Structure formats: structure tokens, C-alpha cells
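What follows is subunit A paired twice: with subunit B in the first complex and subunit C in the second.
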Partner chain A sequence: MKRVHPLALIGGVIVAAFLLSAPMFLKSYGIYLLALWAVTTIAALGLNLTLGYAGQISLAQGAFVGLGAYTTALMTGAGVPYFVAFLASGVLTFAIGWCLGYPALRVQHHFLAFVTLAFSTLLFLLMRNEQWLTNGIYGINDIRRPTVFGISTNKNTEFYYFALSMLVAFAFIKWWMIRSPWGRAFIALRENPLRAASLGVNVRRYTLMAFAIGSAFAGFAGALYAPLVQFIEPNSFQLTYSLKLLLMVLVGGAGYFLGPFMGALIDLLLPEWLRFTQGYYLLIYSALVVTLMAFCPTGVLGIVERIREARISRAASAARAAQAPSATSSN
Partner chain B sequence: MTTSTHFARKSALRRRLLGGMLLASLIGLPAMSASAQEIFIPNIVELSGAGAVSGTNWRDGIILAVEEINAKGGILGKKLNVPHLDTQSDASVARAQVQKVMDDKPYVILGPVFSGSVLVTMALAQQNEIPEFVGGEASAITQRGNKFVFRTAFGQQFSMPKIANYIRDGLKAQTVAVLWVNNDFGKGGRDNFVKEMASRNIKVVADISTESGQVDFAADVVKLKAANADAVFVYTNEEESARFLKEARKQSLKGSLIGETTLLSQKVIELAGDAANGVKGHVGLTSDAPIPALNAFGEKFKKRFNYANDHNGIKGYIAVYAIKHATEKLGKFDSKALADAMHGLTITPEQEPGILMNSTWDANGDIDRASFLGEVVGGKQKVVEVLPKLGK
Partner chain C sequence: MSSFLQLLVSGLATGAIYALVAVGFSLLWQTSQTINFAQGEFVMIPAFFVLVAIKVLGLSFPIAALIGIAVAALVLGVLFKRVIVDPMLKHGVLPLVVSTIALSLFMREAVKDFYSSQAQPFPSLVADHDITIFGTVFSAQSLALLVVALVVVGALHGFLQHTRLGRMMQATAQNPTVARILGIEVERMILYTFLINSILCAIASILISPIYLAKFTNGETLGLAAFVAAIIGGFNQARGAMVGGVLLGILDNLCAAYVSAQYRAAVPLLLLVVIILFRPQGLMGRVEERTV
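What follows is the complex of A and B.
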């Protein structure tokens, strides 16, 4: 097993301590924002699996979040217990994600992006036009928050801990998955599908699986999003939201385990922090993202990786240089 | 362990601790609350995205009122601190922004203008017992028993009967076509309009849904021509209204073009140019009304911001003056008492010149005041009739 670097361990402990103690020193809005980060990160984790590990581009992740949110809102509104609705959201998005994977067997890259974009638009139109079911453009209001182990999550602090524990659970599932033979098969699929097939990887099954699991993560995130915001409407799950999730994965670093965590943090917090610039905040935010993507297309974690590799390379060069005179003198 | 390694690790630890503190400060975000000598009234509004035109007008109306009030010493000796927070025309962002300002104990909240954003934020305002003065016009806003939400414009349930009466009595139309934008504003208006038409036995011969941000209206105009209605009711946002009018004129669409406030607004007239001439309809608020206070407001607004206001500018302006009057009447800053005082309150321009028109808020937070029938003539909005308050 790969040894964890002590600094990474210390960093992890500090982040965990911060996340656990955040409600003690943050006001209600800060807690709400962190809960939103946890929920959004779950959706981004799913997209990172589909895109970053399996190499299948999807512009429908936001629509899947919407599907999960609507499923939960409608079911809990009809009196179904929250956790049944939560599971149903995941199962439904898994099944539909599996179906969406079929086009990926025939088309790749930007063609696949267009297929998923069309699917995203289709879901938006269903949410908006089927008023008998979804309440159409008016959306669904007053979505109840669940009671977890007898604790009501009506207050932001309780909901934040619930969302955080869900994030930990989904992060563990993904961590386990990418270290399992499935994860290796996904990476093989991304790197070279032909070679993967020649090594016995069932390309068809793993492509479908990448879409289905990624979509299910989005569905579960949607099941958390609905009670967090307590209001959902079709516009919230339009293409813009899918692009935002894609941006989070890319900015954080596609294919890096911690990429979605970092990407969601940047996407949610940076515009908020820049609000002091008033009318310029979105302009500055966009400029920063464009600069990052132009100079480091592998995202923030790509920069860290680059620094790490440079350091290893320098250390190796230094070691070679140190060995060279002794080798010469031994001759 | 060597000394250099030890220092490197300590320095890395320090960096991480600093990083953690930075993260905490990032999430904590700068506080916006007012000092003891200021009163905190945040404005949460659409300053980017689809609602930017309406939101900017609303914001500038507020800025004008706040500058005037602060120049005269504020309210009860306290200056107004009104930060403007962008919702990006997104309901979930609007909710997050209201959540943010709640941490700083606002006296009142101003905005949003988009009805969907109002519906999601007003529940939070109610939980915190903070009054919210909104620009939204969807009927649902004041039908949920929320005692903390107050309109600054007619709800669609009040404006649509007025336009329906005009179509029946003024135009004597037998058939009507309706073209609406498929968002919460447009759908709400369309639903109310169709209901009012049915109750007056006027046949809706075409019911056309359009998209927010739609650019090409050629196909919609072709459908309207085929429907051949006596009147066409257009209920879309500003930019879309202007694009539609241009296309309607291009294809020589027959039948009266009728709107409700937006279609006759200054922004639409500017964007549509000559194509706006001949448009008729009901106008909730306009600086061109035969009311000197409204005309003076229009001039002040143009001088201050270098563009002509629309109804949203007036809405923002009167919201601040309504708060001023009700607070001074109360003699204290008490959010809950302000909400109670607003129900059933009538403010006249004699009592508070900034209110511009005699206005009454009912038990649901709906506003009642005079309104206008107008027409666009020679690139200008012309008021042809003043409709009295419904309560008269």
C-alpha cells in the first residue's frame, strides 16, 4: 500500500478539524455555503469519475442533479420517507445514466458532448413543461428537510453535518472504486480503449458503468440539494449548471481524487469573495478561470503535481550529480 | 532528522495553518452589517443574467432614494446602509444571498424582482421575521399567508383584470392571441390572462409560448398572423418584447398589440424604436403619467444615471420611502412592528412626497394605487387614461 506523506496527513487532519468545527466559528451563511459545497462536491465527484477517470465527457451532470432533486422533492412531498426518496433518486439516475451511456459506445469526444447536451435540454423541457408532475416553471417550494437518527436537520448546522457525512461516505465509495479493478478498468478505458479491450476489459460494460455511477452520484447530490435549498425550479438545472460542474472538475484537476473538492471550493467561494469588487466580480472571476485554464489545463492539483514532479526531478538530478564524482574517482 | 528538514516541515505546517485560516476567512466572508449610527437594509437583486435590465433599474431607484434620505439625515437620525447583492437571476443564489444578510440582522430586505427568487427568499424572511419589499408580480407571492412580504407593483391577479377590461371595453375585441415568455413571470401572467379572457367570453385563438432570451420571433409571428386575432397580448421581458415588436412590424402583423407595463416600458421603446409605435396597454407605473411627482422623479433619475427609468426604478424608489414613512410613524426600528404597521397602511404624497402616488398595502402585502392606460406614440409613452385605485 502506498505510504501517505506526513504533510498530507497533517493537512488532512487540519482540513477535517476545520470542517468539523466550522459551525462553531462560522455564521449561518458560512455554514450554508459549506453545506452547498459538500452537496456540489458529490455531483462533481461523479463527473470526475465519468470524465476524469473514464474519459467520457458529459454535459448532463446538472440535469441528473435536477432529476435527483425532483425525485426527492416529489416523493417526500407525497409523504414518502426521505431516505426511500434518497435511494430512489440514486437508482433512477443510475438507470437513466446507464441508458445515456449507450450513445457513448458509438460516439466520442465533442460528438458525445452534444449527445449529452441534447439529453440535458430534454430533461429541462420535461421538468418545465410537465406541469402536472413538476409544477412547471413555478418550481417546488417548501421542501422539507429530513430527520436523521431522530435529529431534525431544519437548522443549517444539522443539515451541514448531514451533508458532510454524506460527502465523506461518497468520497470513500469513490476512493474504494478507483483503487478497485473497476477504477483501473476506467483508467484503461480513458488511456486507450483498444488496448483495454485487448487486455480483457469489457469496454461496453465499463463505459455504461462510468456513466451510470457518475449519474447516480449526481442523483444523490440532487436528493441533498432539494432539502438544502428547499426550492427547486427547472432553470436551476439548465446547461449552465452542467457547465459549472464541468468547470469545477477541470479547475480542480480532472482525474485527481481531490480535484472536485478543490474545484467546488473555488467555484463557490471565489465569486463570493470577489463580491467586494461589486459589478466586476463575475468579470474578475472569469478572467482568473481563463488564466488558470490557459496556463494550467490540468487544474489546481495539476499545478501541485507539476511542482512535486519538478522537485522529484531536481532531487534525482542532485542525487545523480552527487554520485557522479564518486563513480569517477572509483575508476 | 536534519535541521533543514525540521525547518522545512515546520514551515510547511505553518503554511498549512495559514491556509486553513485563509479558508476560514474566505468562508466567513466580510461582514456587511451597519454601525450603530447606520441602519442595514440590503438589496438582493438581479444585476446579471436575464433579469439585469429590471434589476439595474430597481437598484438605481433605491440608490436615488437612499441618497436623498441620507442627505437629509437618514431615518430617525440613522443613515441607511444599503449594499446591493447580485442574485445572478438565479433563485438558489438569491436564497444564499438572503441567508448571508440574515447573519447581519437586517432591518428590512429589498428585492428581488424575479418572482421565482422572491418565492424562495420570502420564506427565509418570514422565518427571521424580517419584512421584504419585492418587485415580483407573480400572484402566488401574496397568496401564501406570508405576513412579511410587501409588493411594490400590482400582482398579476390585479393587473390582468384591468387589461382584460380594456380589451373588452376599449378595443371591443372578440378574439385574442397571447404570446408569453415561458418563465415564472410570463407563465403566471399568461395563466391569469387566459382566466380573465374566459370570464369575459373572449376567445383565445392562439396561445404561444416563447423562450427567455429568444432572438428570432419570425415563426411566432407567422403563427399569430394565421390566428388573425383582434388583439395580440404580449407578455415577455424587455429585450424579447423589443425583438418581437420589430419582427411583428416587419411581417405587418394585423390586430392591436397589447401589453402590460413591460411592453410599453421605456427600455422596450428604446430597443424597438419605431416598431413600438401603436402599442397599447395597461401601465402600472410610469414617469410619463400626468402626475408631476412621477415626472419629477423621471427627470431626477435621468440626471443622476444618464438613462430613462422604467417602472422598476420607480418601484425601488417608493420601496425605500415606504420604509421611511412607516418607520418614522413607528418611532423605532423594529422589523416585526414594521411588518405589522405596513398591513392596511395608506401613504399619501402629502404625508411622504417620496411615495409619489397615494398607495395602500392590504393585509396580504398587495399594493393598491392608481394605474394607467397608455399608448406608444412617436417613440414616447403617452398616458390616455388614469384608472383609479381598486379600493375606491
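What follows is the complex of A and C.
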């Protein structure tokens, strides 16, 4: 196992302290944004599993979030306890992810991308047109917030702590999965599918699992999203949202564990910081993404890693240079 | 019956446009493994080049249209290849996919911010009037569109199949290594593919904008249609994209009329899923063999 760099340790402690104490010095909107960050990160974590570890493009992560959100909103609206609805959202998205991936992963190329693209549009049409169930374009209002261990999450602060603890739980699940033999098989798949196959890894089943689990993460994120925002409508879960999640994972760094955290943070904070640019925000953001991809396709964390590697190799060559004179003098 | 004929012709007209866009899309994929998620925006934006030439430079429509095509070839062909695709190709498919997604967003926002967020009227090729053939009324516009698109598709097909250059391009698409061994300048062929794609997109743009009006969101539906058409037809065959495009256009129009206008957009997608399930290589495609 890699030794944890002391700087990384200190950074981690600072981040944790900030996240825990944030409600004390942030206004309600700031807390709401942080809760949204936690929820979005869960969805991005799932996509990172599909994309960064199993190497498949999914263009339906946003749609799966929508599916989870609608499932939770409709079930809690019908009087079902929140945690039952929460679990149902995850199970449903897992099952649908499995059914979508099954045919798509039979064939090579990026067919999953196309199938998920189709699914994302189909789901939007269903949400918009089936008014008897989803209330169409008017969306669902007044989604109740859950009571966790007897604590009501009606205030943003309480909900934020709830979302944060969920994020920690899901991050832990993912961390554990990646380190298990299972997760190692995922990585083997990404690095070299043919080699993995010849070593006895069932490529298709593992890819399918990665995708289905990734989708389930989105479903759980949706189950948190609905009570957080308390109003859902089909437009929020259009293809654009899926694309945004995809950009988040790649901007943060696909295949890096911390990538989605970073990507979601950038995606939520940048619009706030670039507010002075007014309407030009998306223009600037998209131009930045194109530039980032051209110079560092492994994302922001890729840049960090590159700098670290450069420093290590500089240090190594400095060490060699220090040894070199003694080597020449002995000759 | 006459309404069916009308639907068929308007479906053919839409389909011919889809075919134009889909052919370019699959050509790019074949020669350079570029999945261009900005293909729809490539069709949306040349209309605005033409509008700028008319409004700002005060040119007449035919000259403006030619300038629009030329600018498209330069920006969406050469510049797109040099600035976006070339530096990223060595990193694999994924960064390029993300980059083209961001590019599509960029182009959409640029038109919205710097031109207009409103749908813009666009001059049409022919004056709008109705033509009656065999007791069925057709709009002159969609007939003209159909003719022009078919001529372009036909010319492209002839070029690819029957000229030396076209066959060299096909060879590059099918197997770049062997093509290089045979003395074909692979790099130049790839550049030609990008040029052809941008010109096809510009033509489609000029044909379709009088009907749908020029608007910054036009690319969404068109890009998706090109995508679906290319896969239905077979990703590795230019011919397949043509068939897929026409099929999709007809299906789209018939379904809107006879099945459900609400779920019109769902039909091509369901077709896509069925094709992937039962014939993943596409209607016209060859099965690709994998080398170990």
C-alpha cells in the first residue's frame, strides 16, 4: 500500500474540519449548496465507477438520478416511509441499469453510450408525457424531508449533515469495492480487457456489474436530491444533466478516487464565482473544458499527479547528479 | 392516400438531411475514430455564418451561402481537426468525446450570446408555393430540399465509389496501415474527410434552416438523429448512414402522424435499441473482427 503523504493527511483533516463546521459560518444558501455538492458527488462517484474503472461511457447518469428522485418523491408522497423509498430507488435503478447494459455490452465499441443516450431521452419523454403519474411538466411539489433517527431534516443544516453522512457511506462503499478483488478486476478491465479476459475475468459480467452499481449510486443520489430540492420536474434530468455529470467526472479526473469530489465542486462553485461574467458563464466553462482536455486529458487531479511525478523525477535526477561526480572520480 | 404520399415525401426530405449529416458523422468515425458529439451544432452554426454574411456584409443569398460553406469548411473542417482532434487523438476516444461535448455547448452558447437567442428567419432556395402532382399537394420547398439533398448524397456516393481519390479515402477508412503501405497519404485523406464532413453539414444547414428557422438549439435533435441514423445503417459503411438517414426520416414522419406525436422522438430511439439487440453491426454493416 502507498504511504499517505503527510501533506495529503493534513489536507484531508482540514477538508473534514471544514465540512463538519461549515454550517456554523455559512448562510442557509451556502449550506444548501454544500448539501447539493454531497448529493451530486454520490452520482458522480457512481459514474466514475462506470467510466473511470470499467471504461464505459454512460450518458444516462442524470436520467438515473431523475428516476431515483421520481421514485422517492412518488413513494413518499403515497405515504411510504422514506428509507423504504430510498432503498427502492437504488434497487430500481440497479435493475434497469442491468437490463440496459445486458444487450449493449454484448457488442464492442461504445454501444453503451448510445443505448444510455436513448434511455435518457426516453425517460424524459415518459416523465413529461405520463401526466397521471408524474404530473408532467408541472413537476412534483412539496416533497417531504425525512426524519433520521428522530431528527427532522426540515432545516438545511440537518439535511446537510444527513447528505454528508450518506456521501461518506457511499464513498466508503466505493473505496472498499475498488480495493476488493472485485474492484481490481474492474481496473484490469480498463487497462487491458483482452488480457483480463485471458486471465479468466468474465469481462462482460464485471462491466455490467460496474455499470449497474454505478447506476444504483445515481438512484440513491436521486433519492437524496428529491427531498433536498423539494421540487422535481422532467427538465432537470434531461441529457444536459447527464453530460454535466460526465464532464464533472472527467474534469475532476476519471479513474481517480477523489476525481468526482473535485469535479462536482468545480461544477457547483464555478457558476457562483463566475457570476460576474453573467450570461457568458457556460461559454467560459465549455472553453475551459476543451482546453483542459487538450492539455491534460486526465483532468484536474491528473495535473496534480503530473506535477508530483515531475518533482519526484527531478529529485531523482538531482540525487543521480549528486552521485555522478564521485562515480567519475573513481574512474 | 394522398396524405400518406405527402408524409412520405416530407419524410424523404427530412431523411435526406439526416443522411447528409449521418454520412459525415460515420466518415469521421471511420477515418479518425472521432465520435463527434458536436455534429448537430456543426449543422446549426453554418446557417449563422450565412446570416452574418447577409446582414453584416450585405451580400446576396447565393454568395452568402457559398461563403457560409467556405467558412464552415475552414472552421469546422480544418480548424476543428487541427485544434481539437489532432492533439487529443493520442489520448484515446474518451477525452475527445468529452471535448466535443464541451465544444457543442460552446457553439450553442456562442450563438446565443453573440447573435441571438431567437429563431431567425432564413432565406429559402425557392419561393414557397405548392405544387400538385397526381392530385397530391407538395410544398415546393420540401421537393427542392429533397432534390438537392439526393443530388449531394448521390454525388458523394459516386465520388467515394468511382473516383481514385474517393477509393483512396475508403481504403484509409478501412485500414489505415495497409493504405499507408500502398502509398496513400493517410494524413491528407483524413483531412479531406473532415472537409467533406463540414461541407455536408453546411449544405444540410442551408437546406434545413428555411424550414426550421435558424436557432441555437437546432443541433440537439439533428445531432441525435445523425447518431441514430449512422448506427442503424451500420457504423462502418458510408452507404449504411445514407440508408439509415432516409429510413429514419420516413419513420419519424409516419410515426408522428399515425402513432403518437408525443412519443415521436421515442421511435428512432426504440429502433436504435432493437438494432443494437439484434443486428449490432447495423443494417448494411459488416461484422468487425477483433485482432488480439
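Convention: the second predicted complex is superposed on the first by the 319 of 331 C-alpha atoms of A that agree within 3 Å, B and C clash if a C-alpha of one lies under 4 Å from a C-alpha of the other, contacts with A are read in each partner's own complex, and residues count from 1 in each chain.
Note that a residue touches a chain if its C-beta (ideal position, glycine included) is under 8 Å from a C-beta of that chain, and two chains touch if they have at least 3 such contacts.
Just so we're clear, the structure is a prediction, and the values are computed from it rather than from any experiment.
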Who does A:139 touch here: subunit B (first), subunit C (second), both, or neither?
-> first
With the two complexes superposed on chain A, say which partner A:78 touches: subunit B (first), subunit C (second), both, or neither.
-> neither
Of the two partner chains, subunit B (first) and subunit C (second), which one does A:24 touch, if any: first, second, both, or neither?
-> neither
Which holds for A:322: it touches subunit B only (first), subunit C only (second), both, or neither?
-> neither
Looking at the overlay, what does A:115 touch: subunit B (first), subunit C (second), both, or neither?
-> second
Which of the two partners, first being subunit B and second being subunit C, lies in contact with A:286: first, second, both, or neither?
-> second
Subunit A residues contacted in one complex by subunit B, in the other by subunit C = 279, 282
Which part of subunit A faces subunit B closely enough to touch in the complex?
-> 6-7, 10-11, 14-15, 18, 22, 25-30, 32-34, 36, 128, 136-139, 141-142, 156, 229-231, 233, 235-236, 269, 272-273, 275-276, 278-279, 281-282
Inside the complex, what are the residues of subunit A that reach subunit C?
-> 51, 57, 103-104, 106-111, 113-115, 117-118, 121-122, 125, 129, 194, 243, 246-247, 250, 254, 279-280, 282-283, 285-287, 289-290, 293-294, 297
Residues of subunit C that touch subunit A when the two form their complex = 35, 83-84, 87-88, 91-99, 101-103, 105-106, 109-110, 112-113, 224, 227-228, 231, 235, 262-263, 265-266, 269-270, 272-273, 276-277, 280, 288, 290, 292
Quick one: which bits of subunit B touch subunit A in the complex? Just the residue numbers, please.
-> 9, 12-13, 16-17, 20, 23-24, 26-30, 47-48, 84-86, 88, 90-92, 95-96, 99-100, 102-103, 116, 119-120, 123, 138, 140, 182-184, 187-188
